[in-house]
Structures are given as structure tokens and as C-alpha cells.
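Each of the next two complexes has subunit A plus one more chain, namely subunit B in the first and subunit C in the second.
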Partner chain A sequence: MERAALRGRLSWQLATVVELVEQTRRTKSIVLDPPDWTGHRAGQHVDVRLTADDGYQAQRSYSIASAPEDGHLELTVERLDDGEVSPYLVDDLRSGDQLELRGPIGGYFVWERSLGGPLLLIGGGSGIVPLRAMLRHHLATASDVPVRMLYSARSLDEVIYREELMRAGAEHAVDVRFTLTRKQPAGWDGYARRIDRDLIGEVAWPAGDRPLVYICGPTAFVETAAEALVGLGHEPGRVRTERFGPT
Partner chain B sequence: MAFISRGFRGRRREDADPSRVPPGQYVTSDFPVLSAGPTPHTPLDRWDFRIVGEVDEPRTWTWDEFQAAPHETVTVDIHCVTKWSKLDTTWTGVSVDTLLDGVATSAGYVLAFSDGGYTTNLPLADITGGKAWIADGYAGEPLDPEHGGPARLLVPHLYFWKSAKWVRGLELRRDDQPGFWEGYGYHNYGDPWKEQRYAGD
Partner chain C sequence: MDALDGNAIAGQLVVAFGHEMTTASGVCGRCGGQALLAETNVYLRAPGSVARCRACDNVLVVMVEVRGYTVVDLTGFSALEPA
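Our next item is the complex of A and B:
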């Protein structure tokens, strides 16, 4: 740790793929064992670099899915069909392979216990990944901060970490709510529409409670959620966002 | 021997001139959005642009005054630290040279400041000499709020976080004060051709 701090540089390192876990049809968790990991905070990301045999390289950033307290570093990657790196990570990578990465990166879209709450986590699609790290950090540190999570997915099949999140809702004092925007199973009693100001207003604490809010998802999703919160009187400075994907 | 990712071949774009794509970047035709918080919406009648700090006299433009300043249209390539590059983007804006014309300063650095509290730091020499604009138009339209409208700094030769969205002014400084992302471990200067993404790169 001291060496990295003195160096002040994020060096590339070869992590070993310990395990691959299929989360949904299009997403996989990649459990990694990096040789020189100095720890991370929930919400940070890593850069991944792939190298072809002719030296061609491609880099992308992926949110860390694991909590700092977890034994391994875990990424969860969604396959983008027209992507260059994600199809390789989801379809081609095997246990025992090596994966070049550097990190952790980012320091604003981060939640740690000392930042307090109440903590409101709003995720769309694979935007759940850094929020899942925050939730795991909350549970691992037995933080007594009130936590609510709203997770928007197209269908139950596309809900990443479904069992884990439902268990967190059932067994811990975490208020986990889902909205399924395209397809709902019979008897679904969660939300069944795209987020809008009404839905955000139903889920969020009142602005006067000053929740600390983390929103991650596609751009339009994040814009909608953040604008709704500001419109409801939440301080923009307590609404932290991370956006991905095309506009 | 250098590391090779088993079985990785890549999907190289044939339509992008490799000499225009900095190391570690890929070309996209989308225009992704990255912002740390909600998009601010400052009404134009409350918008102004200020040059403050180490100057003989601070300067302020109202929106109407800014609109009346001579605008240029430039076509440039932009490079985001999150790895995407977008080629041949067309912007309309006022050259920073125009805004600084006649300003006497001993400053060597500038801290751009924005609605929402965002800041970013640059050497003054990197925003003068035809290298930077305050852009209020993109692709012939007013700049969309998601992309930094009503006006953003445009400094295409550095990673795009230096092109502060929702910019409201420039603070000219003798010292180099790290801005928002620079304080969170991103590179102080951010030259994409040297791949200066993070501190120490």
C-alpha cells in the first residue's frame, strides 16, 4: 500500500480470474484476484485493458461490484452487442485467465459509512453495480444508516443480484424496491412503470430529511431521477450521479 | 513478453483515422454524458460570464452581451477520459482570446468555475492562442443542458473533463489550484496523447 501511495501512480496489473458467475442472460460477474490491490471504496471503478496478439489494445471502465470488505474484487459486466470489450468479458473470458486492470479510480461517486445518510440508491439496468457495492458495504459494516434502494429493470429476468437484493430487503432493514418497466411476472406487486417524478417522490425520503442520493444508470434515467429530486427540493449537492451509455 | 488477452481480437473501426485517435481511446458516434450531479438549469436572464482573479479589472458579460460577442465555428475532435473519442464535432462559441483581449494579468493558471460547483484547472497558455472557446452551440443548435448548455468551456486538446460544462467564468490565478476531478485523482493536466488520465500518468 505504501509503495503505491509513494508512487502515486495507478499501475496496470494482471489479475487472475477466480470465478465467473452468470447474473442474467447478458451480465456476468467476474471475480478477480489482483496481485497488488490496495483496497477500494464502494462506488469506485477500474480500468480494464485487453491486448490482441498483434499489440492492439482496448480499454474500458467498469464499476466495482464488491464491497471493500469482500475477499475478492468483483466486476459485473453487461454485454453490449455492438461492444468491443464487454462481449469478450462476458462470453470469452474463462476462469484461470488473466485480466489486465488498474484502479481503484474515482472518489466522488463513493459511499462509505462515515458519510452517513439516509442513503438513497437509485439504479437503472447495470447501473445497479456500484450501488450493490454500497449496499454490501452498508451490510458488512453493520451501519445503522437507513437505506432505500430503487432498481429499475426491464423485466425480472434482467434484475442483476436478484436473490441477494431480495434477501437484503427481507432479512435486513433495507427497503429494496423494484420497478419492472416492460414485463412483469403474474402477481407482481412491485412498481411496473418507468421512473418519473411521482415514482421518485413515492420512494424518496422528504427533502427535509436530507438523504444522500446516488443515481447510476443510462443518461436519460439519471437525468429523470436527478431532475425529479431537485424538483422535489433536494439539494443538488447531495445528489451524486454516474451516467453511462449513449444519449 | 508482453501480456496478450487470450482470444481477444478486437473490433477495430475501419472508418476512423488511427492518427486521430489517442492511445487507449475508441471512436464513438454517440455523445455520451458524464456529470457528477444533477444538470443545472440557470435561466438566461440570470446567467453571466465573469473573468475574475488576477486581473486589472474583473469583466462580466450578460447573456445578451455574450451573444453579441463575435462567435466562431470550429470542428474539432474530442476525447473523454472514460475512453471515448468523437471526431469532427462542430461547435459555435466565443474564443477565450476574445474574452481576454486587453486583460492585463500576471496569472499563469486559470480555474474555470461552473453552475453546480464544478471547477477545473488549466494553464492559462492552454486556453489562449486559439485553443479554447466558450461554446454555446453544438452542431448548429443551441447547446443542450445535458451537454453543458447554455455554455461550456471547450478545450479540445485536453481530456474533455477540462471542457467544463455550465461554465460561468474563469478565475485567473498565480498558483495552480486543482479543480473537482483533479482533486479526486485525475491528472492535473490531462493530455490525451500522453494518456494522462490519472495522477502520476
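Our next item is the complex of A and C:
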């Protein structure tokens, strides 16, 4: 009765942790089984709330890493050393634990097959997470729009979903490019610098092709990429952005 | 502090309005600029959450949770249309 009355409302629920997967030294994927989940769209996020023994609560938003077709809910969380929530999620959470969350949330930073393309995904650091959901949605629905991804990370060790993204580049018609800004392995033939207008111009389709662009990363990264695209003549309305910060 | 954007208050907005609001379109009461709520500059560490106009920095939204109630001030908009 109570659940029916609350349908459509955004309510907190306790989801069981099914699996934890270490992605990099600082990031972990948390596979969850929320009891009351109506599905999500690629790019959406959830709010996670931790409650201390004394009742103190801290709440953060985390992007959903799984595609709607994946059949489970996966979050991928980067550990921030001075964070209030992420060190617990990355270091202390165990399979079988329960995590309080609400979602799915958001309607702006969302890509669905029906929106078409060409699709340009630009991610910085853990900003790759919602873009990975979009890429998986693209593959799961056999969407035929051209997809390009530019992923900026400090080093190859910090590339989240490295094998999966490289496989998407090798086996599917997805153009995946990396830029490693601090450290590159010997023989690296990808980009090796921070994004700027030249790099964005090199990777992006011409503005006349009207790509649909999703940019996610730290605020300065997002603004550099978005300003570069608008400066290159892309329509601001087709450049969608999501910023995250060390809050 | 770097600003975030309206995506960061999407959950709070659903709780306050009962539906998705980041794709709602607002008109700034100061400069007349039009933008989606997702495209505002958001600060979470104000007393409560604050969304400001990207063009003129006018305060558009203030949301404060007090004893289980969410208080929302939208007087910075001259118009706000849900998507």
C-alpha cells in the first residue's frame, strides 16, 4: 500500500551490494540490487546517503555506469582522499552491505538511441562513467550512429574501463581516443597533453556535421571542452555538460 | 570554489517539484537570459544549494532543507517553464 502510494516519488531505498570490482587503484565499481528500481536512462545518476552512528548524514551524487540493458545497477566511484563519502565506498564497503540511495535522477545529461548522433563523448577522469553507460547503451541497442570518444586521464593506470573501451574501439565501429596528461607508457601513440581547442578540433567532427556532444569531468575540463566546441561553431544546444567537483 | 551545474541538484529538485526539472527552461529576472536549469552555475556549499545565472551571476534558485522540509526560493527567475 505504502509503496503504491509513493510510486513516482523519489524515495530513499536500501540497495544490497552484490559485487565490488576494483577498476583502478582509486576507483571501484559497486554493483547493486535496489529493491524498487524502474530502470534508468544512460547518463543518469543516483544520490547516495551515508548515515553515521550519531545521525550525521552526508549525501553525494554518483553517475550510473551500467547501461539500461545491463540488468543491474552499477556505480563507479573515485576515491577522493579528503572526501567524506568516497573513501567509505571505495575502502570499506563489502558485498552484502546495504547502501542507501535514491534515483534514477536527471533528464538533461542523458543519451538515448532515439536522439541519434553523430555522438561525441568527452570525459575527464571519472567523468568517463556516465559516458560508459551511453557507449554500452549504443552497443546494446545496435545503434548505428557514429560514435567518437575522447578520454583524458593522468596515466594509463588511471584509465577506468580500459580494456572494455579499447575492445569497443577494436571490435566495434567506435572511435576511442585517449590522452594521457602526466605519464605515458613507452611507445604510446595516443595523445599526451591536456585538452585544448586544437585537440578538441582534431577529435571532433566538423560543426556542420552537428554532432550531439556529452562532456563530463571536473569543472575546468568541462568548460575548456565546451568553450572550444562553441568556438569551433558547434551549437551550444547540442553540447551537454555535467561537472563534478570535490564537494 | 568551482561551480558545478544544475545536474548536481537534480535530486533535490525532483523532491521539491515532484518531477524532473533540470530540463526546465528559465528566464533570468535580471539579464533576461534563457537557460535550462541544468545549465546554471550551482554551489552546494552555500547555506543550502544556490543556482546562479551563467550570464550575469544573478541568484536564480536557493534551496534549503530545514527539519525535513525543503524551502525553495525561485524569485530570481522572471519565468520558469517545465520541459
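Criterion: the second predicted complex is superposed on the first by the 238 of 247 C-alpha atoms of A that agree within 3 Å, B and C clash if a C-alpha of one lies under 4 Å from a C-alpha of the other, contacts with A are read in each partner's own complex, and residues count from 1 in each chain.
Simple rule for what comes next: contacts are C-beta pairs under 8 Å (C-beta built on N, C-alpha and C of every residue); 3 or more make two chains touch, one makes a residue touch a chain.
As the structure is a computational prediction, the values presented were derived from the model and not from experiment.
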{"item": "Combined model on subunit A where subunit B meets subunit C, clash or fit", "value": "clash"}
{"item": "Partner chain(s) touched by A:84 [first = subunit B, second = subunit C, both, neither]", "value": "first"}
{"item": "Which superposed partner A:58 touches (first subunit B, second subunit C, both, neither)", "value": "first"}
{"item": "Touching partner for A:9 - first (subunit B), second (subunit C), both, neither", "value": "both"}
{"item": "Which superposed partner A:241 touches (first subunit B, second subunit C, both, neither)", "value": "both"}
{"item": "Greater subunit A contact set [subunit C / subunit B]", "value": "B"}
{"item": "Touched partner set for A:68, first subunit B, second subunit C, both or neither", "value": "neither"}
{"item": "Common interface residues of subunit A - those touching subunit B in one complex and subunit C in the other", "value": "8-10, 47, 61, 105-109, 219, 240-245, 247"}
{"item": "Subunit C residues touching subunit A - in the complex, by the definition given at the top", "value": "1-8, 10-11, 14-15, 18, 20, 22-23, 36, 38-39, 44-45, 83"}
{"item": "Residue ranges of subunit B in contact with subunit A within the complex", "value": "2-12, 23-24, 26, 28, 30-40, 82-83, 116-117, 146, 180, 183-185, 197-201"}
{"item": "Parts of subunit A lying in touch with subunit B, wherever the complex brings them together", "value": "7-10, 14, 47, 49-53, 55-61, 84, 88, 92, 94, 97-100, 105-109, 219, 223, 226-227, 229-230, 236-237, 239-247"}
{"item": "Contacting residues of subunit A [partner subunit C, same complex]", "value": "8-10, 45, 47, 61, 102-103, 105-109, 218-220, 240-245, 247"}
